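Below: one structure, written as structure tokens.
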Amino acid sequence: MVKDLIIESTDLTKAYGPHIALDSLNIEIEKGATGLLGPNGAGKSTFLKTILGLIQLTSGEGKVLGYDVRTQGNLIRQNIGYMPEYDALNPNMDAIHQVKYSGELIGMNPAVALQRAHQALDYVGLGEQRYREVESFSTGMKQATKLACALIHDPKLIIADEPSNGLDAKAREFMLNTLEITVNEGQRSVLMASHLMDDVERVCENIVLLHKGKLAAQGKIEDLKAIDKEVEIHVWGSAGKMEETLKDRGMKVRREGRVMRIGHTGEDTYGNILQAAADVGTQVRRMHDHEATLEDLFLVIMERLGQDVKSTDDLLGGI
Amino acid sequence: MSNRMDTIWSQLDRKSTAIAEFTLRQYRTRISTWVVMIASVVALLLILLFYIEAMNTEIEAIDNDGDSFDSDGDGYPNGQEKLLGTNPDSAEDFPSGVEPDPPEKWINEDDIDWDSLQDGTNYVGADDDGDCLEYYDTSSQRDTNDNGIECDIIVNVDSFNSTISVISDSGVDEDPDEDKYGKEAGHRAFILGIGKFGIVYLLGIFLPLFLATGLIREEMSEGTIHYMLAKPIARGEVLLYRMLGYIGITWPFILAVCIGLCLITGFTGPSDSLFRWQDVPVWMSIAWAAMLVSLVYGTIFCGFGIVWKNGVILAIIFAAWELGMAFVTILTGGDSSIRYMSVIGWGMIIVDAGAAIGWPDNWQLIEIGLWGGGHGEENWLGEVAFIPLPGAEPLSVFSGSPNLGVSNWLAFVISTIVLIFQGIMAWFIGQTIFKGKEVN
Amino acid sequence: MPDDDLVGEEPFEPVQDKVETYGAETPVTGQTKMQAAWSADTGDEETSAKVASSPQGQIFEQIYTPWEGTLNPRWMRNWAILRHHILGIFKKGHRPWNIPTRLFIFFVVIASMTDVALALLFGMIGEPTLYDIWGVNRDNLYGHVMGFFPRNILYYPIVAALLVGGIISEDRSHGTSALYFSRPINRFDYTAMKFLSVCLILLFIINGTLAAYYFVDILVMGKGWAWIIDTFPMFLAAFGCGIILSFTYTSIGLALSSISRGRFFPAIGLIAILMGTRSIAAIVDALFERSLLYIISPYDSVAHVCQALIGTEMTYQHPWVWSLVSVVIMNGLALYLLANRVSSMEVTRE
Amino acid sequence: MMPDMTQHGKAETEQWNPQQNVPVIMFDRVSKTYGRINALNSVSLGISGGVTGILGMNGAGKSTLFKLMMGKVKPSSGAIRLFGIDPWKNPAPYSRVGFVPEHEKMYDWMTAFDFIVTFSRLHGLTRKEAEKEATRVLTFVSLADVMHKRIGQFSKGMRQRVKIAHALVNDPELIILDEPLQGCDPLARTTIMNVIKELGAMGRTVLVSSHILNEIERITEQIVILHQGRVLALGNSHAIREMLDQHPHKISLECDDPRELAKSVIKIGEVTGMSFAEEGKLLIETNHLGEVHKQLPKTIIESGRKVTSIDNPNDDLQSILMYLTGGSS
């Protein structure tokens, strides 16, 4: 099967003077939702700017939706919706006109843009607030407005930079849901840069992991997660005793407060845990297979790349 | 860490230097600081070019009293004939046995008596070319100004009414050296004009407008003020030390500009000696006035910034008021009392006092120049409108008198105190508002 | 409110005995004590903070609606930018100029029409000498555009300062530049449209009222063709001067706006440049009777050129071509700076 | 005309002496309104010691709470005491407080070292002491190697740590962190969390705000939940959950034969209902969560069925808020 690529790059390099921001990236991004990950300053923003066709490449090639990033920047930008990381809204304008104007800037007729702005705002859940000034919006509503701005012309690809940053649970839930629906029902592609691994995991099937301007990993999330299986339990009361009991039963236990992770030893693991709980008399509030989260994956990859994760001991040494 | 709070003073000292130093470094990283400073220096240099050019251009000598003419055509200039007692209007009557002088000799032949000007007492100008002599009058007729000296000119300074008048004995006029007078007057007018308007007003208002308005406001709008206000330091202190940092950059700048201008004009200006030492007090009073004025403006503008996020609008309105006051103060030469309602008015008193100290003869010089040698055109009323010497009019415009009814030194001190008081009031009001301000 | 029943009866007990930390080896030395209290009043929902939130109920009706339509070409996009900025002066829903700016523009438009009103008044009551003072003539046409007080000290420069204040820097600080540059709009179009919109608003004020002055005079006074043929070239020249003036103010102001992030630096900067250079030149003129320094003053250079164009009496001694050169250089420098800065503008917020 | 010197008395004076029985932070029926919006509504709190998480949705009043503590805004009514002193218009208590603001803006042109030295000196340290102190705190947040670089070059996580370090000079007894984890990548988050836990372990009173329950629970169990300007709950998160046990709850079990298991589970007295929503899943409803959980392991083992997963759906801040507000949120 021929892969349906929306973004591909070969040896894409961008240098600012001696500083190399992107180092010969060979990236292939398929249709669907993709997460763009990396520590702060890994080159995510530069990469996004590159595929928006906004900065000149030092060398290499890139194609977005089949258009060349070097020469067809305008066409690329006409066909994608970009949702920037920071506030990109005029605080004194009302949401509906803001979105309408962003449509006009793409080249929609004012009347069409207005009608479409209503649709887009409805879609992102800002039905009643659309005539309010953006200034009075909460972070979540601002993010939603930005998303509406990006969606107004029904782009094939939506690039969302930190869409859930600073949102509370409810707003975040809604934002992720919206993105999911956009991908699943709208059949659009989403490229989403985020720090919150949970978010990426929920929305995306694929990830691209950048580190210091280099490609650290890319592919399906499922494929990348290949870490020892563990069972995670949340206990209530007598956690210490429970830990001891489990260890006595010869199980590998890591504990963080009330949360314990127990090495999977086969089918009887669950039974053993419950037996131990019954013996100790503790409550097992939760028990489930612990899949390596993307966060674990991230930390593992970063560790391999030589980034130290500071432990408590390291910090104690400082005093 | 145990002895870190030794005394109140050392603690204050630490905080104040920390914030002041921080403020200075912050200024250093801003482009606008450099733009404002470089732009002011460039502007002053441009003006200086004109000044230097003017100082190096000879002012054409004018025969003010017409002594170089030969009205009767007998070959002898009128002045020579008058001096030798022949009738300048009669071709038959000419000095015998004397070679006729070339006409140029009778231009600028009767210069102002500079030595008499210098000491600041009443000016007594002598009749160098013997204008009196053509009249065969009694000695009392030759002394119509009743000062006991025949054939002279006095510039009378009435210190009670602060009026100055030029009274000459009848028929006595002068034909001063335009170049010498023009350069001296032009030089002084330059110092006062640039000093009062260019440095005390323009520099004094634009430096704070760009540098002080945002001192607190920018921190507030950027949110970085939280770092400062979360420390055990009163907000009034923050304001005070920020102003200290502001002074740290503006005062040396003003001082450097004034010293630079003082040196350049001191060496290029008209002088018998190498350097014009008499200008130094004037420049220093200009620098001092500008420093104080920029401090008061800075505190006021910073306060405007605290009060309202668009405080710069208030600052511009205030600057416009001050501009009006600057004009009123300059144009009335110190006669208006509304100037006491302004900052700039007090600043200019300092400059005027400094000028009066540095150049005690300034008023006589102006009057002599405006009198222009006693020649002029008669208007339809029969009054003689004197033709002023070059430079006299600008000098008279830009000169003023402190007019506080006290000595110059005292006027200097009083206006300094008033300005400092204004600054303290501005700080006090500013810190009171700042203290009650909710920072979001 | 059920929360009172829920947790409000009694505070939680001190929780020392339940303290658990990460890693048993880390001892807890901190005194852990919480005293709890609840608000006594029940508090009505009306006064509590309305947390803006997206209604959850809509999740289920969220339907992605595709859109098929053709997108307009480049000039239509540019037209949208221009419209956005200019219409914002009168209408809601476009660029929100702040209220002081709008009020001031309104005031200036009215104030600029004083000559229209006075000419009309004295023309109507038939006072020929007074009409001569206020009616259309060479000096008055010049004065309408280039008069220093109050027009070029209180009206036009301040309008220009208010207009350019935020026009580019605002995009930098709000991050709205991303709105433009992530769409098919290149930097040239962006800058040109911003420039054009400020320039057109200024032109509307200066030349709009100039045209009103001229044509109202013709209509109401019933001027004949001879008079029109006589004065029309003057009017055109004055119109041209208005264009030069607006262009110069706009280019300097926009250059300042592009180099700063705040709104105030460009505004004060523009006023400082216009007033400062003129003051300095005036001092030099007063001291040394040399008008040459006026070529550093944008206003005076334009005024000098306009005196030559309209044909009024020259008030400067140096040749007007020098002023023309100065106007060209000033605009060139400003536009160069503007282009340079805009091309290096970040897409995201700075 | 000089500033009020009494605010800068010696450490030994009475005012600066820690009063033993006074909680570090006291809020007594504090309300704060901004125009029509009621940001805080009659909040009463007393906190001393340990790490406390301030939880709430955006706009719940967390930032307002901190601003009130730091004397940035004036309470509309009620009284606030920091170490027994009213912080409004009085910076005296701040010598014992370290505050990490939420704002992202920093002085990008300064080096981390200079930044901390400058602001330490506002505590009244000499330059030398300040330099020593800066090195210490920067080492503590493990930025010692980059401390002479400009803050502008730092990543978000590093900037966040610089902010924390700056709050640690002068050894404060109370450290307030406003959303310290926002926008950080997992690496930075882990490091910052460790730093916070460390501070708590060192006996400081630490306040951390967040809107993500999981994050806070990884740091501390002592939480305050704010909602629409009111304190909804405070105490041990554990204990709060326990309180919630008295309400209808669901436990979801994943098991090879749910119907068989159900037969055993039904014997637990507190179970009020069961359903089989999905394939292989058993949903238990109860009003006494704790009781059920206590008996559950034994019951499962006795039933002989294999249970692979136990879960309480809706266990995040959102659902806690739902419970606390009676589902109205």
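Per-chain numbering from 1; labels A, B, C and D assigned in written order.
The working rule: a contact is a pair of C-beta atoms (placed from the backbone, for glycine too) under 8 Å apart; a residue touches a chain by one contact, two chains touch by 3 or more.
Remember, predicted model here, so these are calculated numbers, not experimental data.
Ranking all chains by how far their C-alpha centres lie from the centre of chain D, first place goes to B. Legend note: the chain whose CA centroid lies nearest the centroid of all displayed protein CA atoms is C. Highest C-beta contact pair count among chain pairs: A-C.
Mean C-alpha positions place chain B and chain C at a centre distance of 39 Å. The geometric centre of chain A is 24 Å away from that of chain D, both derived from CA atoms. Between the Cα centres of chain B and chain D there is a gap of 64 Å.
Taken residue by residue, chain B touches two or more other chains at no position, since every residue touches fewer. Under the contact definition stated at the top, the residues of chain C that touch 2 or more other chains are 20-22, 26, 51-53. Across the assembly, chain D contributes 57-59, 197, 202, 218, 221, 238 as residues in contact with two or more other chains. Interface residues of chain A facing chain C in the complex, by the touch rule stated above, are 45, 49, 52, 54, 73-75, 77-78, 82, 84-94, 96-97, 100-102, 104-110, 112, 116, 119, 123-129, 136-138, 140-141, 144, 149, 152-154, 161, 170-171, 174, 177-178, 181-182, 185-186, 188, 239-240, 255-258, 312. Listing the residues of chain D that touch chain A in their complex gives 57-59, 136, 139-142, 144, 155-158, 179, 182-188, 190-191, 194-195, 197-198, 202, 211-213, 217-218, 221, 238, 254, 290, 293-294, 296-298, 300-301, 306-312, 315-318. Considering their complex, residues 1, 4-5, 8, 10-12, 14-15, 17-19, 21-22, 25-26, 29, 222-224, 226-237, 240, 424, 427-428, 431, 435-436, 438-440 of chain B touch chain D.
On the side of chain A, the complex with chain D involves touching residues 38-41, 138-140, 162, 165-171, 173, 195, 197, 233, 236, 256-258, 267, 270-271, 274-275, 277-278, 281, 283-289, 295, 298-299, 302, 307, 309-312, 314-316, 318-319.
On chain B, the positions that touch chain C within their shared complex are 31-32, 39, 43, 46-47, 50-51, 53-54, 186, 189-190, 193-194, 197-198, 202, 206, 209-210, 213-214, 218, 310, 312-313, 316, 394, 397.
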